[in-house]
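Next come two complexes built around subunit A: one with subunit B, the other with subunit C.
Coming up: the complex of A and B.
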């Protein structure tokens, strides 16, 4: 073996080691969090890095009993599911009309929706709080669904419109000749074709609803309606910080996302990138 | 476009479009207009609302705390552009070589933090940075670098860097995947030709991959700017803008004014300020970057 080849071997090894280190730095904190949540506070304080000697679910029981994590979990789930269904339905219909018809006001509406992607959400926080307060919409079960759907629409409509544009017109023409109404054509024929883009929209909007924080922080006050991200901040400020219990609470919040990601990671990655690059 | 298509009556259009459009107007357009209105009032949420014209804006222009927050947003943005896109670019270039192993694993794992909520990332890093129980100080101690141990989130001199690290860390995977996607659209022959011509890894990266990725890198920079102008959740959880105002960002400042001090009028003015500054910076950078290639 020549010196040059040995050097390039060593170089390759160093590069691989570095990238591996970076990769591990991305999962280690999460793994550490999860296994530490299975320790008692005492055991954790003794050695913060060691694996739990006697794994216990005590922290989880406390996170549910005292910190009501299960309520936050249900609220997040409810808000996310309803928001995602509405976003898919609305963006599909609006996207279809934008893609297929030139009607009065189309360009105006199109620009209005697209401009929504540029607006920083914090510009809307204060006035929305006031608007909701005046109308008595603060602190209701549907409160968060309103902004989540509204803010999720621009990107979703844009993705849908782009996708539907490329579906051949002949499909609808055939349906029309067969006497199908618009509604039938829309939901029986076009909707199933849109499955791939719908799954992208579902991924994008469920992640953003599940993870959203600012609106949840401002628009919801009662504990019974808080979602996970706000529930977590509540948790750390209200109780004297029990680290392992906080870790259990965080684990409850991230576990569904991680499980979904590990199963569908290719789809999730594709979906998020499609959303960002096309948007 | 409408050739042969079923042409519905206008009440069908209205029937289908009314709800989504009204919904959107109610939660996006209306608040935007209201923000402009409230920004002209002195108002703390009660029945007394005093019209003050543009004096909130005059105050905003002189408000050193606001400009300090803006400066912090800019610092964070610059650090993220260099950190996220820089690291992602190097990784993406490595992904095209045969040197790197376990590519699929790296991609999946480095992307993982992207799907987690900013609040959770904030909490995880608060724990990592923690004085007593933080894993960072534990690692430093373990490798004999105890002198480097710092109150990471409590030292006003370094806090802006401490809060940027989680932001960078969370989104490297995002830019990596964007860059990899556009590298995949480059024909393999180009790389093969370069190899035959004897371009080594470094030359290949600078002369072939960099120019081919120029457009994608520009998009990435725009995304990075837009994302970091509105950074809030991480900061809220980790420092709340402190200690003092050393890690204050615009969104946190608007939040404090509106919901802690209940200056809803002035808070709206700050919101409009954020909107204007963000759009200005995005347009400006678009112009600057567009100019370079032409």
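Coming up: the complex of A and C.
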């Protein structure tokens, strides 16, 4: 009896140790990134893995002073927040109607939205550039929001539609009997139920908007409107890369992503568990 | 709109004419001059130039020279507003190609040798011969061979940004001494002996990082190949005048690299390090030398520990027995150049040409040289004390060297891709030098038949 117990304990320990090692291998790059950002270029060139002997914040000061990371940071934040809000709003409403209503051309519209997922971004670069040029939309505050919303919608609509389809009709019928209008039903009844899927959409679309590079590079010209991914490339020149400064800049760039993930990750798990119990 | 511009232009010409006349007529009338020149300024057109380039203000030799010259230009031309956009090297290429495809090229920009043909054929850039010929002092200020990468026939399609060697040998004098080598090998056989001695002492003779695929070709083969084949062979290849990659001279150059690999001259992880990482082994005194271009001079100066830096010497690949090439050549060139939009005309074009002149003036090249860079124009007076020790060593070496083409700057991207990947394969032993030569030749012939 006790032997069996000890054996199972040891088994659990081994599995735990393995999982811990695995997660360490995921966390280490970030830890390495952060402590490397405190090293000088010379220290880094001599030994890539060593801890900094004399930690310095000079790289961060340079990243903000000379590389203007704070401007790029604000631009990224603005573009991402606006795009994500629009994506969530549109995909929720459109997803709801796709899930609940059968109307002429519904399948065609739905397929068109989903087809959006199939087009590789790089195939869009030049046509999009020409289109924006003709429309006079290049190099504006809203320039990047348009493609980000457009590219984020297909996946978001797909997720929303599937989620809302599984919500029992009876909930809406009960609300209707109680005298709720369509808008009230939509935003007071359905929206709160959709929290988990909204969290998923927020995480996915904020990650892709935050990290998007090609459109930000091509459609934006002035320094005051550029986003972080483009700003990060300023640390590498033709033959060299300023690794430690780049790492300081990357540390600045990944902070919001980690925060968003930590906040919404919990929600996603909570939502999934709640849904499971309700059946 | 057009009318008023025309009137402005006529007025400007009249004023300039009057100014010149009054100056010529009477030099004593100095009191009138400021008044007239301020008048002149008011009438001068306001010009806006868009300028997309790849000089991020990173404190490197080249960006110091660039921003210095740009500021001087702005001071001298208060009527010109420059809207600039700085991008890093790799992203710049994506952007400029998209802009070109969308017909939205900026007024002034930089181009790479391989962009010249498509841009020129689409009428997006024009030859700069007229501008250069009308200012011979400007034309003659460039170092020999500076325009080579941007010449198509007699047409000059770019003002070189810099001219630098892509193949220098950085070696640690102390490690060489320890292995019993008191001076750098005088020919290829001695070089191989040196490699053996260094290996016997437990050092990695040559540290190399060929992950980016270009290092072995740009920094070793381009020069070593020239030692074996001579430059005429390359010119014949480039102009498709009959030379072949399967010619014994070129195969011998590939064999020479293969031989080094077999002697374990390189570190074993050569295909998984990049050119920044190859230097780590050198800095830690585990490797005795490495091959890299002129850009590495300032890097070694900034990064190497003091004892390694003090022991570092520069050399070029020694002559090979029976080789057809000259012993003092080094692969190198401009690579990138400034160009202006072919659609510019009138005063805007003049302002853009003036900008190109400013970017090849001494205000541009002197700070660059003093910081260890490689300007494309001759610099007559500079402060030698500002040079780093290694840069001084290079200036000594540079007095005798002559540039020959770098393969990847002047050959087609297709051929280069086959050559670069093939070199990686040869290094890990899956391709013999003979087979590699055949593969390159096949691609070369396939392109000709298109």
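Here is the rule we go by: the second predicted complex is superposed on the first by the 209 of 279 C-alpha atoms of A that agree within 3 Å, B and C clash if a C-alpha of one lies under 4 Å from a C-alpha of the other, contacts with A are read in each partner's own complex, and residues count from 1 in each chain.
Heads up, the rule we're going with is that a contact is a pair of C-beta atoms (placed from the backbone, for glycine too) under 8 Å apart; a residue touches a chain by one contact, two chains touch by 3 or more.
Keep in mind it's a predicted model, so treat the numbers as computed, not measured.
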Please indicate which partner A:12 is in contact with in the superposed arrangement: first for subunit B, second for subunit C, both, or neither. first
Just to be sure I read the superposition right, which of the two partners does A:242 touch: subunit B = first, subunit C = second, or both, or neither? second
Figure out whether A:49 sits in contact with subunit B (first) or subunit C (second), or with both, or with neither. first
Touched partner set for A:233, first subunit B, second subunit C, both or neither: both
Once the two complexes are aligned on chain A, which partner has more residues of subunit A within touching range, subunit B or subunit C? B
Looking at A:57, would you say it contacts subunit B, subunit C, both, or neither? Reply first, second, both or neither. neither
Would you sort A:222 into first (subunit B), second (subunit C), both or neither based on which partner it touches? second
Which of subunit B and subunit C A:30 touches, first, second, both or neither: first
In the overlay, answer first, second, both or neither for which of subunit B and subunit C A:130 touches. both
Just which bits of subunit A does subunit B share with subunit C as contact spots? 45, 48, 125-126, 129-130, 214, 217-218, 230, 233, 236, 243
Which positions of subunit C touch subunit A when the two form their complex? 54, 56-58, 60, 63, 83, 85-91, 94-95, 98-99, 101-104, 275-277, 279-280, 283-284, 293, 295-296, 299, 302-305
Can you tell me which positions in subunit B touch subunit A when the two form their complex? 1-8, 10, 12-13, 16-17, 19-21, 23-24, 26-32, 34-35, 38, 45, 87, 91, 94, 99-102, 105-120, 123-125, 127-128, 130, 132-135, 138, 169, 172-174, 177-178, 181, 219, 223, 226, 229-230, 232-233, 236-237, 250-251, 254-255, 258-259, 264, 267-268, 271-272, 274-275, 278-279, 282
Sites on subunit A touched by subunit B in the complex: 11-12, 15-16, 19-20, 22-30, 32-33, 44-45, 48-49, 90-91, 93-94, 97, 100-104, 109, 112-113, 116, 118-131, 146-147, 149-151, 153, 169, 172-173, 175-176, 182, 185, 207, 210-214, 217-218, 228-230, 232-233, 236, 243, 246-247, 250, 253-254, 257-258, 261, 265, 268-269, 272-273, 276-277
Enumerate the contact residues on subunit A facing subunit C in the complex. 41-42, 45-48, 66, 125-126, 129-130, 133, 214, 217-218, 221-223, 230, 233-243
